[in-house]
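Worksheet: the structure to be examined is printed underneath.
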Amino acid sequence: MTSNQTTSVTRRLAICACLGLTLAWPSFAQVAPLKIGALLSMSGPAAVFGIPERDAITVALEDLNSQGGVNGRPVQVIFYDDRTDAAEAGRGVNQLVSRDQVVAIIGAGTGGNVLAAGPIAMRLKVPLLAPVGTIAATDKKNAFLPWVFRVAPSDAVNIRTILTDAAKDGNKRIGVFYQEDAYGKTGVDVAEQLAQSLGIQVVGSAPAPYTATDLTAQAIKLREANAQAIFMQVSVASLGAGFVKAARQVGLNVPIYGSSGLAQKSFVDGVGAGAEGLRVLSIGNLVYDPSPGEKKLSDLLRAAGKVPQGWGELVGTNGLVAAIAAAKSIKGEITGQSMRDAMENLCGLEAYARGKGCWTKDDHDGWREDALVFTEIANGRLRTRK
Amino acid sequence: MKQLRNHANSAAALLIAVLFALLLRDPVWIDVAVVIGIQALIALSVGLSFGQAGLLSLAQAPFAAIGAYATGIISVHYGGSPLAGLAGAIMLPALLGYLLARLVIRLEPLAVALATLSLAAIVEVVIRSWDSVTGGYVGLSGISPLAWAASPREYFWLVLLVIVIVIALYENLLASRFGRALNTLRHDRARAMADGVPVVAVSSAAFGLSAAFAGVAGWLYAHYVSYVGPGDLGTHLSISVVLMAVIGGASYVLGPVVGAIVLGVLMRMLPAQELQGLFYGGTLILILLVARDGLLGIAEPWFARALRAIVPQPARVAPEDERRT
Amino acid sequence: MSKGLQAIGMHKRFGGVHALDDAAISVEPGRVTGLIGRNGSGKTTLFNCITGFIVPDSGSVTVDGRDITGAGPQTIVKAGLSRTFQTPREDARSTVRDAVLCGCYVQSSASFLGALTGLPGARREERRIGLRADALLERFGLAAQAEAPVGTLSMGLVRLVEVARAIASGARYLLLDEPAAGLSAAEQDILSAQIRALASSGVGVLLVEHNFSLVLSMCDRITVLEFGKVLSEGAPEQVARDPGVIEAYLGAIERGDTGSTQ
Amino acid sequence: MLLFTEYVIRGLFLGAMYGLLALPMSLAFVTVGTIDFAVGAYALLAAAIGATVGGTLGALLGLAGALVASLVMAAVFVLLKRAGHHDTIMIALSSFGLAVAIGSIVLASWGSTAFVRQGLDAVWTVAGIRINPQGPINLAVGLALLAGLTALLFGTGLGRMLRASAVNAQGAELAGIPVVAVQALIFAAGGLLGGIAGLLILYSSGLDFTAGLSLTLSGFAASIVFGVSNPARGFLGGLAIGVAEALSAGYGSGAMTALIPQFVVLLTLGLGMLGAGRYTGYRP
């Protein structure tokens, strides 16, 4: 009885105090933070990207808030782990919008998850800033296309860039090594589509599951196909490193190109000495040869005790910067709808990464070739090719 | 009275479901409840095949995936109605499950489990590679929502309804000669053969039925998420649903449902991200250590006492020795 | 000649061992037939060949004129032949009534889908076999234990449950594999009384036993196996006098090789 | 023909890895009658520690880590037995819980980066086939461990105790064998064997935090495809699956690569009828 009374008295006092504060500083209510969701794959197989994305968004957020956030209003990011699972991604959109009231969401973590989250984002009227290369994410067929904005170069751009480079060096016969998922399969499909126009030929392709422990059979197969160059459409670092080692072992001594998914520190560390000259397309070069913007992000990460990995950080912060830029450009109330509308008019956007983001009503693929750099492995580092 | 006893589980499920449905207000929890409900259905299918017939299957999630793709393909490629999809989502997994069982049921239980694992891998490969039909690695998006269960709350009602129907069917089967035969052959196949049970046919039929339950769950999944991809209903989920069934009590009709709710809610409550697996695995070991026959195994004696207090027992003629005292 | 259970010319080899070598036995309705022999004489193999648990290499098994050679157990149970096991295989957690209901499997014609959907026909079948099980429990004096788990019963009662379960299939021929093993004398008496009662109601009983005195007291006819062959066949007193039997079997008892349970 | 031989040899090296993982699994099956789902996780843990520390010290510490993890499993097993669990599926499921927990610990402590270490760089050319010594080393280690295990199981008193406890735990107990303690020992051995496999994989191809479960499943498949009755069959099963995978990766294309090994498993099971007699009564 007494304790009950005490509680209710305390509660009343607290309410009074709150009211008093609110009255004393009327501006308090106005600077309620702007909420942005981050629906990332922080566990499950895609955590390789989700965790660097989360880390980079966290440090960049502090940085951007210290620069005044959205016209003086602080930004708050609410994280949600989609566990690399489609149903969970849909649920994440639901929770971020209906409970946390976010006005935009960076995510989801994988192409498939974007496809699952898209319809729900459309229904709840909140834009998705998709940090994925998966071509289908911004397919014109998708009813929810108006609500999805890509913040990474699409796989089509990546693959064309690589194959163009290979063709330029006179490598006409290309072998493709790819991982068994949407990302990997896109590599073969796009390569075969582009072959004619680039004057090349896909002479063989060899897939492997993420967890393959030996890739020499795949390497032999591409060796026997007489490939003049190998293109690896792989984002699992151990798989890429394993294949390079296998290729050297079975005597497949031709130039190897890695897709941007491999521009990760753990791939470079894992592939070791046998990989000198290996060419990796990369979104920026955060780890080894950063641009001024990337340098800043890399310093922020190191100050927070994180080791930059090289891919997730850049696309993740692209999303954050784009969301803040869109919010800044809105004159009236900031809602999911007004964020979406603002994004379609964003162009020339500069984030920490290289390249300029630009969306229009018809094109939701924000970042293009200018975001990419060609690198070569030299002395256990990725050296930006001039 | 007898009828009520036979259908005690579905009655209890109905009661719990209505209570839940009335209590749930938060849209996020409704969404969680829908997904838990779908997983509970797959876990129920484990209850039937593993808990009753003793056949450990690690292909229940792929059976659900087949159900989801069946209705997804009918909906996306042919614009067919979800009801046509439902027929496909039941028949295809049932047929596949039945055929697989005919092939491997004679093997020892672990080999059966491995065979189901192989089937799961084959299903996954077919889904991934049959681009023109399944959408390949990218998956099928734009599966039509159900017109008569458009909002998550309505969908939740639908899931509950399906669960209650499935439980009622499950109970019907258990109370029949087939249910008794399944329990016998789980315990001892030779004993079942001596009763005149065609062991292979009965276990295969039960396995097919269990696959059909999973297929229905897949149907619900596809129309709820509106997207299905090759990684969605995979081996991880197959293992999760076995855990759900075991934690709740696989041999109890309602065990898998209880397990699904407990694990589902637990997953929401646990701190997310990197360390989630540590808590999940730890909790799992703890539950297994404490509850031998699952949570319902703990609850049963307690529950029986409560039931005796509430429901008057049917008049029973006391056996002679009792009368004498 | 068409009435009865006959197995003739049964052969079965396991690897190099000739387990059955032209063995034969016949069981008449309403009679108790004993099958005895030393360990390894082939009686369990013959038993399993008749009940369909082993496919014989050659030979013929007929029930009331119907050929069931090499058929599966479910066909054989349907044809009216039921068996028990040497070591009871009852599920300790199942109730006595459920165990007997399990034996009614071939008595019900409910289809899988009918049972699943709870169609009226399936429910009717269920009620019918429920009454049948209750009647059997009454007949074997098990009514008081109907709802008790089998695991709580004494060995003697478990044997009775087994017999009730076997007869629940509507069997006209009952094959019992060492039913007296592990029973006390009092329990043996109850069991043999029940078996005799079954026989007098017209059931043909085949008893595989080690316990020679029990077989002598219970059986109308006895077949003795030795090395997979029939050593002797006839009425108990006749068999007991057979010099070959005395030499091969009773001699063994004197040497201490009773092996009554194993 | 040379190409075919090359694929087969590659398959054998790959299969040695599966066979290594199958060893602790069939050991646990032969002696305890259960599956230790955490074997892949022990391998992962050993590899993670081995990759971080490096060198011989890393390998030793990795093995120690895997051993600690498997001791946890042994403790859980003893506790389960004390609690009256005799259902082997329950033990398997709790080992699955441990596997998930270990995977999560690895992710939290090392992050999502892959563990890869540079092994031997040398390349031998034998009859026109270029071979990195790591492959033969893996195969040799696998065979050596297999020989050791077989000798232990079938040639020593401890082995007899182990097998006796598996065949008839009650009888073994009556014969004075400390069954639970002996079986707990088996789980601990699983950590050692799994750890060795993990270290070899680390130096061969590398792995990341997701590898635990798939390694377990590979080992599981290998241990069972020819029957789980003894470690030699498990190792052989691993070799067979490895060869099937290499051949299908070489000659198949796309989906076929992934399908062929699965069909091999299904066919072996469907036609092989392993252990069929036991569960269909005596009927062949």
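We call the chains A, B, C and D, going by the order they appear; numbering starts again at 1 in every chain.
One rule holds in what follows: a residue touches a chain if its C-beta (ideal position, glycine included) is under 8 Å from a C-beta of that chain, and two chains touch if they have at least 3 such contacts.
The shown structure was predicted, so the numbers you read here are calculated from the model rather than taken from an experiment.
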Suppose every chain is reduced to the average of its Cα atoms; which one is closest to the average of all protein Cα atoms? B
Which of the two pairs, B-D or B-C, is linked by more C-beta contacts? B-D
With chain centres defined as C-alpha means, what is the inter-centre distance between chain B and chain D in Å? 31
Computed distance of Cα centres, chain C from chain B, in Å: 40
Distance between the CA centroids of chain C and chain D (whole Å) is 46
How many Å are there between the centre of chain A and the centre of chain C, using C-alpha atoms for each centre? 72
Check: chain C positions touching at least 2 other chains come out as 52-53, 72-73
Of all residues in chain A, which are in touch with two or more distinct other chains? 43, 47, 51, 180
Mind pulling the chain B residues that touch 2 or more other chains? 128, 190, 193, 199, 274, 276-277
Can you name the residues of chain D that touch chain A in the complex? 3, 6-7, 10-11, 13-14, 17, 107, 111-116, 118, 121, 123, 130-132, 135, 201, 204-211, 214-215, 218, 242, 245-247, 249-250, 253-254, 257-258
Would you pull the chain B residues touching chain D in the complex into a rising list? 56, 103-104, 106-108, 110-111, 114-115, 117-119, 121-122, 125-126, 128-129, 189-190, 193, 199, 235-236, 239, 242-243, 246, 274-285, 288-290, 292
For the complex, which residues does chain C have touching chain B? 51-53, 72-74, 76-78, 82-85, 89-91, 94, 98, 101-106, 108, 110, 112, 115-118, 122, 125-126, 129, 143-145, 165-166, 169
For the complex, which residues does chain B have touching chain C? 168-169, 172-173, 175-181, 183-184, 187-188, 190-199, 202, 205, 209, 319-321
Once bound in the complex, which stretches of chain A touch chain B? 42-43, 47, 51, 54, 80-81, 84-87, 90-91, 94-95, 98-99, 111-112, 115-116, 118-119, 134, 136, 141-143, 180-186
